[in-house]
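All remarks here apply to the structure that follows.
The letters A, B, C and D name the chains in turn, as written, and every chain counts its residues from 1.
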Amino acid sequence: MTTKVAFIGMGVMGYPMAGHLQRAGYDVCVYNRTASKAEAWCDEYAGRAASTPAIAAEDADVVMLCVGNDDDVRSVVYGDDGVLAGMRQGAVLIDHTTASAELARELGAACQEQGFEFLDAPVSGGEAGAVNAKLTMMVGGEEKVLSKVQPMLEVMAHHVGLQGPVGSGQLAKMVNQVCIAGVLAGLSEGLAFGKKAGLDPEALVAAISKGSAGSWQMENRSHTMWNGEYDFGFAVDWMRKDLNIAMTEAQKNGASLPVTALIDQLYAEVQALGGNRWDTSSLMQRLVKLH
Amino acid sequence: MTTKVAFIGMGVMGYPMAGHLQRAGYDVCVYNRTASKAEAWCDEYAGRAASTPAIAAEDADVVMLCVGNDDDVRSVVYGDDGVLAGMRQGAVLIDHTTASAELARELGAACQEQGFEFLDAPVSGGEAGAVNAKLTMMVGGEEKVLSKVQPMLEVMAHHVGLQGPVGSGQLAKMVNQVCIAGVLAGLSEGLAFGKKAGLDPEALVAAISKGSAGSWQMENRSHTMWNGEYDFGFAVDWMRKDLNIAMTEAQKNGASLPVTALIDQLYAEVQALGGNRWDTSSLMQRLVKLH
Amino acid sequence: MTTKVAFIGMGVMGYPMAGHLQRAGYDVCVYNRTASKAEAWCDEYAGRAASTPAIAAEDADVVMLCVGNDDDVRSVVYGDDGVLAGMRQGAVLIDHTTASAELARELGAACQEQGFEFLDAPVSGGEAGAVNAKLTMMVGGEEKVLSKVQPMLEVMAHHVGLQGPVGSGQLAKMVNQVCIAGVLAGLSEGLAFGKKAGLDPEALVAAISKGSAGSWQMENRSHTMWNGEYDFGFAVDWMRKDLNIAMTEAQKNGASLPVTALIDQLYAEVQALGGNRWDTSSLMQRLVKLH
Amino acid sequence: MTTKVAFIGMGVMGYPMAGHLQRAGYDVCVYNRTASKAEAWCDEYAGRAASTPAIAAEDADVVMLCVGNDDDVRSVVYGDDGVLAGMRQGAVLIDHTTASAELARELGAACQEQGFEFLDAPVSGGEAGAVNAKLTMMVGGEEKVLSKVQPMLEVMAHHVGLQGPVGSGQLAKMVNQVCIAGVLAGLSEGLAFGKKAGLDPEALVAAISKGSAGSWQMENRSHTMWNGEYDFGFAVDWMRKDLNIAMTEAQKNGASLPVTALIDQLYAEVQALGGNRWDTSSLMQRLVKLH
């Protein structure tokens, strides 16, 4: 029998993710707050849409969420119209939203109480990863639950890895974002320095990108950074949300994040330059705009 | 006729670099302040040593330096025993030391005045790169000078790139070090956070190392960082020297390096923990040692 | 007729504040979650205690709160036992808790709706200020409301200043805490440097405390900081709460707080050293403990 | 017999300092690189000028310097025209320049070798302090040397304090500058936040300046900072010189200065805005100029 999936959140990420599932033969019913996006999705993928999360979740074997932040998740999960009100016993709820580990634990407990399974499975890879089914999924939960849905997740992702108990997917994603912040800070200061020093970007990046200074961001973003092109990619607003999730968690687990905290504030300066929707590599822009 | 090379500085880097040249058929004469290392090199490579830089430089077509810092370079270049006192007209002086761009320009001018050619050619790749002839060389100077020595440099390096006029090699190396500092800061805070969060390092790194958080350092150092192993690699003392060269240059070219400057001070805290000779990835140690 | 006051929160601050009012002739009824503290207060000041905030607030002309954080305030304000359930028409609610401006606006709106007046009036001056009635009160709200209660507030404070509409008291307090963080960071790094440099603290502070480096903290804390005495004063945990309130507000108003954010993380390192309840001047301790 | 004084450096500080001495009855001979300033001084104070530092120092009981940085001091001290070439046995050299402790020790050794006494005595108090004879002098050297010149120094300063052996005056001045940096960072972020929050500066500063957030800078600079007035006072360029002296010393004594290092880079951003000669309180300007 065809596995039934409900997918809540037809944003930049959720839309193509749900599309891959439908194309792979799953029976997908989507929900989106703004109905027009759900309709567009139905047109493109010949799929179904529901008028509330609860209705979308009815009969579903698996319910997936990909919305904005903790509060957004709560608003599609709880209440009469929320997915928990519609889910059937034994169904699995998977949250792909980048959110707090606390939320994950809260959802895990709520699911357990009501007879559902739960996984937190935030993703990395950006819009391109979602469109090309090349996401990385960092999963928190029980292995036996993951094993049931692993093939389905691999329709959307090229790496699906269990990180530990519920919440661990989110924690791994926090590490990911903290690492990116540092990489981009070094790259931004390095390239802005290189500009002021009159260096040639092609020769520079050719020399330094293969060695110990190298990074995915250098390989993929140094060219656009040098040219001040930021109108694409993973938005500064999202990044600040994610870094603040990590810093809030750090207040609980006792980690110190001095460099990350500084970078988060430098992103505030990028926002002040109008960069809310710019790619995170726009961290360089405040250095370039100084003059 | 065999090209004659003088190589000044038989340290961790210079020793194997000079060895590759000798093995490749160049006629190498080495000099080292501490004579025992020069003797060891002669034994290992059946080469020659001289008792002063000036004597080593006599008859040499190419004179290479790889010593500690600006002052160290000056002490083997100038004076009666310095290489400039020994070099013959038309010879090329190449400085592989990581030093200031100002020093490079000063050496360039001194060479021009005395009828020599000059290139600054600092390297990256560490001890392993030197031993395996897989260095990256960032070269500052004139193309026609580089073209004369390119084959010789490629004996030691897998990438030899001209970055611009004299000094540009050093400037590119500064960018390299600034980028590394940021990468390692993010990685250190990320991994230390992951430890406090109870994550599994294998699953974590498997998930995040291939995507936009990925870096050479994550690929090659996250395992040792997690285990607190730092007794190898590129020393914190060297890193601080390099970052201070970059920050001094930034004061001249008007670049701002807020994150780099912070990281430099965090390295001071690593030094206070005894980490002067630890690998730069030990930036993580101060976070782990907090408790 | 004697003005009736309800005072909720018999902590370090609230206990002596309520005491001053009772001594000044106001008719004070206190409430504390942990009843023993309320009883102790009644014994010391021959006052009255109530079993819920709502009961304390009945008949009161003025209801004052001084609890921990936003959530704590909500828990004594709302619900059947909360003060709003007990207050009479025209009564004034004054929140002395250091909390968010958002909470202040929320309380202001709730009061308006139910026919009460509201002022946010966070304080500075610490335990000593509370005990000696030398607090500073930063007030947000309407001038005509403040004028009604000003004499009562001046029983506890030597400065009561209107900062603007509801929420402005909290905003001013945020500025206060941000300023303190910077002062203490400079002082900590300066004194720790001075220690390493072998300077004499008496001569040093005598020289620098009267000029442009001078501050209340230098005047009042440099001696204890030098001696590593932190077992008193305003706790690091409270400071982090306050700085995070400011940073959250900054995300809304677009301010950038790079130095503050860094210091907040350095306080995380002080907490990791066991400093949760140490005075904020313990920021120096992480520098001293490096070796 | 009248004490003879040579004063080298008729800059913003040295000019009025030398004037006070002349007015107090000392026999002052000045030298300035740019002769016109020395002439103006002679006109104003009916004093004498010499054509070289060496000639000014001849016959002098005390030789005072107040020039720019380490190199500037060396250029008026050493060589045939330097003060050491002119000084008589037993004379005292006092350096009022803000310079490194290393330079002080070097000058101390040179003086000892040649039969002179030496004190480092950098000042704080700014142009106003110099003009109004209200400087603070932080002195390094021997008590018996200081006691000889103390009355003379008190002609220019309201506080003259011995900080320890030669170099300690400079070390104390470093602490002073580090403290100022922190104070101004907190004040800048606090006031810029207050602006964004729509607060009234008068009410704000009235409330917070008397308590634990208070500082000389808040008392004396918050008004001009709020109004963006920076065209006076102690220049950003000088501040960066001083902070870099402190950071270089910290590399030797093992102190960590994370917040100071960050602030130094933020001053680089103020310089990029054109603020080289602005008062140090212009640290706020980069926050205000974000939009």
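The rule is simple: a residue touches a chain if its C-beta (ideal position, glycine included) is under 8 Å from a C-beta of that chain, and two chains touch if they have at least 3 such contacts.
This is a predicted model, so every value here is computed, not measured.
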**Study point:** Of B-C and C-D, pair with higher C-beta contact tally
**Key:** C-D
Check your understanding: So which chain is the furthest away from chain B, centre to centre on CA atoms?
Key -> C
Practice item. Would you kindly tell me how far, in whole Å, the mean C-alpha position of chain D lies from that of chain C? Key: 39
Revision key, fill the gap. For the pair chain B and chain C, the C-alpha centroid-to-centroid distance in angstrom is 53
Exercise for review: Mind pulling the residue numbers of chain A that touch at least two other chains?
Suggested key: 250, 254-258, 260, 262, 266, 269, 272, 290-291
Study note, to complete from the structure: Interface with chain D, chain C side, in the complex: residues 101, 124-126, 129, 136-138, 159, 161-164, 168, 171-172, 174-194, 196-200, 203-204, 206-208, 210-218, 220, 234, 246, 249-250, 253-260, 262-263, 266, 287, 290-291
Review point. For chain A, which residues are in contact with chain C within the complex?
Key: 240, 244, 250-251, 254-258, 260-262, 264-266, 268-269, 271-272
Review point. Tell me, which parts of chain B touch chain C in their complex?
Key: 258, 262, 269, 272-273, 290-291
